[in-house]
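I have placed the structure first, in the form of structure tokens, so that the comments after it can refer back to it.
Per-chain numbering from 1; labels A, B, C and D assigned in written order.
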Amino acid sequence: MNRSVIALLYGPDQPGLVAKVAGWIHERGGNVLHADQHLDRQENVFFQRVEWAPASNQTPQTESDLFQAMASDELGMSVRMALSDDRPKVAIMVSTADHCFHDLVLRVRAGEWDAEFAGVLSNHDSLRDLSDSYGLPFRSYCVTKEAKTEAEVAQLEWLREEKVELLILARYMQVLSKEFLEQVGCPVINIHHSFLPSFAGAKPYHQAYTRGVKLIGATAHYVTEDLDEGPIIGQDVARVSHRNGPKDLIEKGRDLEKMVLSAAVRRHLQNRVLVYQNKTVVFD
Amino acid sequence: MNRSVIALLYGPDQPGLVAKVAGWIHERGGNVLHADQHLDRQENVFFQRVEWAPASNQTPQTESDLFQAMASDELGMSVRMALSDDRPKVAIMVSTADHCFHDLVLRVRAGEWDAEFAGVLSNHDSLRDLSDSYGLPFRSYCVTKEAKTEAEVAQLEWLREEKVELLILARYMQVLSKEFLEQVGCPVINIHHSFLPSFAGAKPYHQAYTRGVKLIGATAHYVTEDLDEGPIIGQDVARVSHRNGPKDLIEKGRDLEKMVLSAAVRRHLQNRVLVYQNKTVVFD
Amino acid sequence: MNRSVIALLYGPDQPGLVAKVAGWIHERGGNVLHADQHLDRQENVFFQRVEWAPASNQTPQTESDLFQAMASDELGMSVRMALSDDRPKVAIMVSTADHCFHDLVLRVRAGEWDAEFAGVLSNHDSLRDLSDSYGLPFRSYCVTKEAKTEAEVAQLEWLREEKVELLILARYMQVLSKEFLEQVGCPVINIHHSFLPSFAGAKPYHQAYTRGVKLIGATAHYVTEDLDEGPIIGQDVARVSHRNGPKDLIEKGRDLEKMVLSAAVRRHLQNRVLVYQNKTVVFD
Amino acid sequence: MNRSVIALLYGPDQPGLVAKVAGWIHERGGNVLHADQHLDRQENVFFQRVEWAPASNQTPQTESDLFQAMASDELGMSVRMALSDDRPKVAIMVSTADHCFHDLVLRVRAGEWDAEFAGVLSNHDSLRDLSDSYGLPFRSYCVTKEAKTEAEVAQLEWLREEKVELLILARYMQVLSKEFLEQVGCPVINIHHSFLPSFAGAKPYHQAYTRGVKLIGATAHYVTEDLDEGPIIGQDVARVSHRNGPKDLIEKGRDLEKMVLSAAVRRHLQNRVLVYQNKTVVFD
């Protein structure tokens, strides 16, 4: 298939937006392959994902640049552009748990996603050998209270050098500082065990067991300053019973975390997620 | 909210379709509220659902008629139009089971759907009193082998007189003839118990029990000549175990049938379903 | 099928409990139809549901009384007994929403449960006509701040007179007082909209919409003094997207509430639920 | 925790079975940790899983042998025994697809299951390097029409030498002969893509796409002579839409196959599955 251009836009609704976008593409000889709109009628905000094949005499990159300028300047939209053959560089942060780590790496290897792994950052050395066995660069940082700021500076430097475009927290058990998040310059996706009702604090699966819940859940979200309160990309649950002890809940939780995190990363890499007012619009 | 116009179209893809549709609406002063496209790249067929508010000096009905003519004549599309405040007349066919019957009637009563019940057709008298208690016209027909053709003629006549726009088979245990389906002139939605693996023939829940399945399913579909093979609108499953005897499977199946049928009817009444090549495109 | 006896017991684990229970039944000529045990190894508490057919020369009621005495006195267990053909009297409390009300009444009518409806209590008159149409006694009470205590006294009196054995809060929008719960003398089941993350306070579906959740949930639980914190019987979720406004969430929530509440009531009426330390053991 | 003994038994129901089993254990000083019974009332067959800690002066193996003799000789039951610290040897058969292979190996590595991998058998060389990287013995066999019998003989020899106790077909794309199955001497678990409606023959995901299903499914089952018709251990489904092309269905199917196969293997390794009349009783 030829390269196509993908635009994700949102902004104040106004008459004729769909016509203007489609008209611009058509007049330049492009052909729309997929377009999906959403109008938040409460906030009067327009959202669109549009993907098109430019005319054969246009380079996709130029088409993308020109569209971005038009949508931003003439339509007043916030715009994010991508090309269908982009292979963004992805980094993952881990601590000691390896289930999400394996799952993500194997999906990239299986060719499920158009992405390249830049490497693995950790506050532990436990996953170094596994990273080596996958041929992935691995860097560990001491993040004691005193060393945390320094570690984050080094992490940010590495992320910038490697031109990382997506950072995935795959059960990374440290809180990223406000400063880190301001400077990271790319989206950060986290996986959070969340329950019905939700349990904050330590040992959430033990809390869930004590409360006697019949469902456990997981939530994938973009990371913002408010810990675990960022825009939700996806959620799922698994059924548990009185027969399941804390160990079973942890095992079921692991499967859930893998599936929910990878589903969220897939949608992000397919440029299907728009963030607005701490919520997401996910064009499936 | 003011009345809006909804168009469902499909046909051979061609450059500029999205632009032409959006441009036509915009030039006449309309504002697109919702638009969703799908391109079947294997068959090169374009599908669209578009909903818009016409300019205040246009009547929705005229806008709808003009759009239909344009989309059909100029774009070569198959088109179905609706107005946001349409309240199509719906009839249901039942035999003796009443679970889907209650569910459908109560949803209409609760105002979940924009629809009006024309009445109930049956090959039994069992649900007459219930229909009466809901204030719904009820007609029963003898459909023995000999009387079936005559009964179908009478049923068709009633459906035409009542101007029924959607016929729902709510556990109607008779096969509609090819002739009936050719003449009925409105979509017919059926609910079918289907399993993994699927069981044809009598007493499907007993067969499922004998086979030891761990899931039972239900499928809502448009009715075509090929029994139970029409375009699928929605499907769902419920978990069962060795502890569930045939009676439990039947009870769980009833809940499943209610939920799947009503979800399919809802989507149809919201004008979200397009049929093409024995499949559906459901714009959620 | 002949009448069988059902015992639900729990207490401190001790060697030979299963043997003693089974031995007692066997020696008296009974035959075990179903038995399920659970051992909470953290708390060392034993739970059992056992159902058996007494010998033909025993009356089930006597067998039940004798077993209860033995299990309580000799085994030190907390015991609840039931006979397979018990038809407990059930009352429901409602406010204005009718979806759970219809669902419960129709299931009793369809013969899904072995139970009889004693009647409907409400703090509104809205559902009086519906109750009448189902032939159910309906009583409404003014529960303004001043009148609440008096209303609860009257409600308790009615529940006692009618010998109600299960009280179902089917979207009853009032908090029952500590005194009411102490005196009600039968289990009370409530249905609660709970989310990921959960939302307390008014208009939970609007809060869920604002938060941008991708799942909504519902929890059925026994009512205790701690509002919405009683032992959980069952939970389920439904998928939502950015396209679903508050109205859609409310509609999906209604279906969820119906299914989760009726599943919990079914399990309770089948004597499958044991409560211990604010958790439930549900023998499926 | 000390070693416990697990018995899975089934056979014609008779009065006092539960009492006899529990009595035998209790008299020898054992303590029941978990017991679950099921009575198929249609066939009058009794099923039980019972797990107990023998008295401290008994070796678990002797206790197990004695119980087996008693249950078989005195109760007329079919019996399968296991010790809680058994670590059965498991082999997997693969072709070229590696998703189930990775999933199974990583779970054993993560310590989720009490099992040891004996090695990998294949009709291809594609997964040899991966097996090597996991340190697993890998053997490939030519299974052309002419060589198949010879290959199966060699496979059987290897399985016997390695004392394999469970054989998992992890997307193995060859049919095992009747002779192989008769001689293999251990259970064989397969994962099958099954759909609503189910699709036999080649390219099932393409068939599912063409049919326009809204759910795809997977079934894990014991292998019997009737291909894909053996006793079902577990099933699950995933939701698909018109937007999902055959490639998406294959990807979703992969995740489904992994989850359903590993859940079935877990239950088997926990000695929770009893087979009877081409069905399973799964004690959860």
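Points worth noting:
Throughout what follows, a residue touches a chain if its C-beta (ideal position, glycine included) is under 8 Å from a C-beta of that chain, and two chains touch if they have at least 3 such contacts.
Model, not experiment: these values are computed from the prediction.
Comparing chain pairs B-C and A-C, the larger number of C-beta contacts belongs to A-C. Ranked by distance of CA centroids from chain B, the top chain is D.
In whole angstrom, the spacing between the mean C-alpha positions of chain B and chain C is 36. As a whole-number value, the distance joining the C-alpha centres of chain A and chain C reads 42 Å.
Counting only residues that touch two or more partner chains, chain D has 38, 41, 241, 243, 284. Chain B makes touch with chain D in their complex at residues 38, 40-42, 47, 194-198, 210-215, 217, 219, 231-237, 241-243, 245, 278-282, 284.
Listing the residues of chain A that touch chain B in their complex gives 15-23, 25-27, 29-39, 41. Those residues of chain C that touch chain B in the complex are listed here as 98-99, 102, 106, 110, 112, 133, 241, 243, 251, 255, 259, 284.
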